[in-house]
Amino acid sequence: MRKVGFIGLGLMGGPMAANVARAGYPLTVYNRTTNKTEPLKALGASVAPSPKEVAKNSETIITMLSDAAAVKTVLEGDNGLLAGAEAGTVLIDMSTVAPDQSQAVGAMLAEHDIKMLDAPVGGSTGPAKEGALSIVVGGEEAVFEAHKELLGVMGKDVFYLGPQGSGATMKMAFNLIVASQMISLAEAMLLAIKGGIDARVAGEILAGRNFSSGLIRRKVENIVNADYAPAFPLKHMQKDLGLMVRTGDRSGVALPATSATHQIFTAARTRGHADEDFSAVFSLLAEMAGLE
Amino acid sequence: MRKVGFIGLGLMGGPMAANVARAGYPLTVYNRTTNKTEPLKALGASVAPSPKEVAKNSETIITMLSDAAAVKTVLEGDNGLLAGAEAGTVLIDMSTVAPDQSQAVGAMLAEHDIKMLDAPVGGSTGPAKEGALSIVVGGEEAVFEAHKELLGVMGKDVFYLGPQGSGATMKMAFNLIVASQMISLAEAMLLAIKGGIDARVAGEILAGRNFSSGLIRRKVENIVNADYAPAFPLKHMQKDLGLMVRTGDRSGVALPATSATHQIFTAARTRGHADEDFSAVFSLLAEMAGLE
Amino acid sequence: MRKVGFIGLGLMGGPMAANVARAGYPLTVYNRTTNKTEPLKALGASVAPSPKEVAKNSETIITMLSDAAAVKTVLEGDNGLLAGAEAGTVLIDMSTVAPDQSQAVGAMLAEHDIKMLDAPVGGSTGPAKEGALSIVVGGEEAVFEAHKELLGVMGKDVFYLGPQGSGATMKMAFNLIVASQMISLAEAMLLAIKGGIDARVAGEILAGRNFSSGLIRRKVENIVNADYAPAFPLKHMQKDLGLMVRTGDRSGVALPATSATHQIFTAARTRGHADEDFSAVFSLLAEMAGLE
Amino acid sequence: MRKVGFIGLGLMGGPMAANVARAGYPLTVYNRTTNKTEPLKALGASVAPSPKEVAKNSETIITMLSDAAAVKTVLEGDNGLLAGAEAGTVLIDMSTVAPDQSQAVGAMLAEHDIKMLDAPVGGSTGPAKEGALSIVVGGEEAVFEAHKELLGVMGKDVFYLGPQGSGATMKMAFNLIVASQMISLAEAMLLAIKGGIDARVAGEILAGRNFSSGLIRRKVENIVNADYAPAFPLKHMQKDLGLMVRTGDRSGVALPATSATHQIFTAARTRGHADEDFSAVFSLLAEMAGLE
């Protein structure tokens, strides 16, 4: 079994790393705030004081960070991953970043003879705990094959998609549909509610149609109960929408619906919903409709 | 069993009326172009030469027409429904119209002591044939109860929602989500395709996620096979999006994502996709992305 | 001089009718609420108790009403204009309505051998008082020529554009640019303000560029002084945006920027800015940006 | 007179540098493609082989480049500006970049004790030649005062706005209004044209209203003559719209109208209008309206 490093033990990274530890991989972890490392220590992982020290102890390093800037910070500097990694090390970045950002990291790593997979995930905290994420992977196919089993302890469905950056691209497609479904559910519920229909009744009917999905069924509950405990924080979805718009801009794809959605999430983040679940975008639209 | 009239035997109305006939209701039908009445005649229905004659022979009349103007045309004039209907007749309008349009018809009927249910349907030609539509109903509850069985021969799920206009409102909510899901699928597929991912691979992965739906699974097939044979013509979805925007305008609900979607469907209708399936909105967006 | 009738003495219609009276035309006026007729009586106008009575006393009747429904109400019924107008009468509708709505009125009038000009105006209360409006006219050219002088007492620039409905179309184009300029000024000011630039400084600089206009210079003042006394009420601009979207829908013109603007004005109307000047759309966007 | 360097001699930078030379400043220039340096040589400027050599010969260096990546490229590396600049040098970046990008450059320069002004310009090639640009400046006020005269040879209106980054912010506000005015003019013209009004007639009327501007008057000519020779290339406006959206995202300002405009410019760039004038966005919208 390859020696694995894991950097970034947040809401998603924590349970993902725990699954790696439970699967028996020799594991070294690092997190900027050290209290997050406690549960991993309890599972037998070593805790390193820096990304550099993680790199020294690992053949494959997984990063699960908030954005491309955070990935860059982990790589660079005297205590950075690049200062400790030998040629031949493999980096699997599972963070959600734009394809061009992922490829820029890949190019930087290539100068140090470090291979890279971009392997972002679909699914929120629940599937992360159960090892039931969807993982979409870009990079060299041989490198993917060598890590398929490792990825399999975190995800139920693992897809190889092509050259480095392909995973990041596919993740954009995932979250585009998720964000759009959320905002269309919110707009539909508001038409119903302001048309005099009870929210719970409307939600139950919508949740049972052939256009419904697991996601819609869960988010109807959030709206009806006004319960926005974060499964996936709104500020993260807002960030991801910015990445989609950036990706469409670079690749020449006009995204009229997604960009409208992006702006509403920006307003929702600004007006106090940043740390709530992304379904709290309903609150912003309800407010604009004179309801809250 | 009540004597039933059915006006409007198009792609949806035809099979719906056939289900009414098969259930044994004494049925009189009318359609502007008479060749559409043949299959109903074969099922034992009487064919009337005008809405007025339908009204004379019916206790309950169902209309399934293209828009509010068509409903008005059927009601008014020397050969119109109102010229033949007695007080106490019930009209069930199953057309997709805006709530305020439905209520205006209801008010006009009330002057003639005719009761009205608005009962638009969810589902396209397949469920119409199988009697498996979703039907959302507004109007007096007693009138609804008296027609529940009749509605049940056309629809699997029949929901009573409240005062007249409530059904029309709920139908707006249905199609809002359907149109939005379609355009988000198109935008997501284009990000993937222009990012170098094979369309079929992308489609299969998207169709298997927890945000997928029966609708998405079907529409992925349309896109991947570039097959836009109409289950629901794009021009009808474009019309419905206009009704949603109108409804949001009147009830004070801002619909930023839906209105962006509306404009893209307008462009798609204008650029030759009017009579294709509404999933052909993908073609318009692909063209804007330089792909077609 | 032709005997003139004037129906609709609101913020715009009042001063317009006054200019007609001052020019010496024999004038009969009607307004739903009668107190608005006092200033006209003082200028020598006769006050009629109904549109029907206006019609009986007029060769040419001007309407300046809030929307197409109000125009229809004035025409129809026992006391309506059509009940009193002889064949050969001319109606000049100066209300802002959609082209298809204007043409529908024209068709209704044609059945009574009444000619129609659609002649909506550009400019708000100031130019209305000064007889300095812009007037855009559709209808038969001979009818236009016969009324050019009359229109000239209300407007400085009077343009003949073609068949009936052309004036309404051009008015859509006017207000589209006005609404868009307002929302872009608001978005630009907010970028500046949240970027740390003083609102007054930003406003003065913007007002002095080659992309500035008389409109922008005035609306900068409204924003900087947070003074939204209505020159043109926001609810009317919101209504007009709905008419533009309707017109684009019917004529097959996608209006992506205008429809986004429409939705923001809907939110602004809903959140208490309906009766303020339309520049109060800044307040709504500022609120969404966390500033108010 | 301070010794001045100028890097970036494109459509805008070329004439701006020429004005600096004509004003008598000792000038050293650099451009990636050397043929652009010929006109400057003819005006007495020295041509340097690299940004480093420019820096060695200059007390103040002006950059006028296509984007933030180009600025970074000029600064970094063995032949970069930073390799040749002494502490105390001043950099005036007149490129259009986002405020956060400008501030990142400022921070990088501060580590080398180099002061920075961000001083982007309003106006296209005409005003660049005439020294009649608008210049909006951020940075330390003393540094601004020391360079006011130099900026004055390029611009008629020079505004000091506050800390470094303020100029970049104000430039976002400028181009937001310009792009928005362009797309609203296009949408308005299309409503008129598809409503049966002659394009030239519509354009002349719009150009004469109180909402018109120097910009609108010029762009009406482009549309009416279908002449899209680039005064400001569409791809640059598309890029700038991306920067506005990025800036709104970071500072928490929802930009619903601007983001809709951004997407249309992306489609226009993708569909072959990249190097035409940005008024060619009309062609894209006309195509979507079935006209081209």
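Labels A, B, C and D are assigned to the chains in the order they are written; within every chain, residues are numbered from 1.
Assume a contact is a pair of C-beta atoms (placed from the backbone, for glycine too) under 8 Å apart; a residue touches a chain by one contact, two chains touch by 3 or more.
None of these values were measured; they are calculated from a predicted model.
S.K.: Identify the chain pair with more contacting C-beta pairs: B-D or A-B.
M.R.: Counting C-beta pairs in contact, A-B comes out ahead.
S.K.: Indicate whether more than half of the residue numbers at the subunit A-subunit C interface occur in both copies; give same if so and different if not.
M.R.: Over half shared, hence same.
S.K.: Nearest whole angstrom, what separates the Cα centre of subunit A from the Cα centre of subunit D?
M.R.: It comes to 36 Å between the two C-alpha centres.
S.K.: Could you give the separation in Å between the centres of subunit B and subunit D, each centre being the mean of its C-alpha atoms?
M.R.: About 51 Å separates the centre of subunit B from that of subunit D.
S.K.: Centroid from C-alpha atoms only, then distance subunit A to subunit B, rounded to Å. What do you get?
M.R.: 38
S.K.: Show the residues in subunit B shared as contacts by 2 or more other chains, in ascending order.
M.R.: In subunit B, 248, 252-256, 259-260, 263-264, 267, 270, 288-290 touch at least two other chains.
S.K.: Within their complex, state which residues of subunit A touch subunit D.
M.R.: Counting only subunit A, the residues touching subunit D are 238, 242, 245-246, 248-249, 252-256, 259-260, 262-264, 266-267, 269-270.
S.K.: Spell out the residues on subunit D that touch subunit B in their complex, using ranges where they run on.
M.R.: Of all residues in subunit D, those touching subunit B are 256, 260, 267, 270-271, 287-290.
S.K.: Would you tell me which residues of subunit B are touching subunit A in their complex?
M.R.: Per the touch definition, subunit B meets subunit A at residues 99, 122-123, 134, 136, 157, 159, 161-163, 165-166, 169-170, 172-174, 176-178, 180-181, 183-185, 187-192, 194-197, 201-202, 205-206, 208-216, 244, 247-248, 251-261, 263-264, 285, 288-290.
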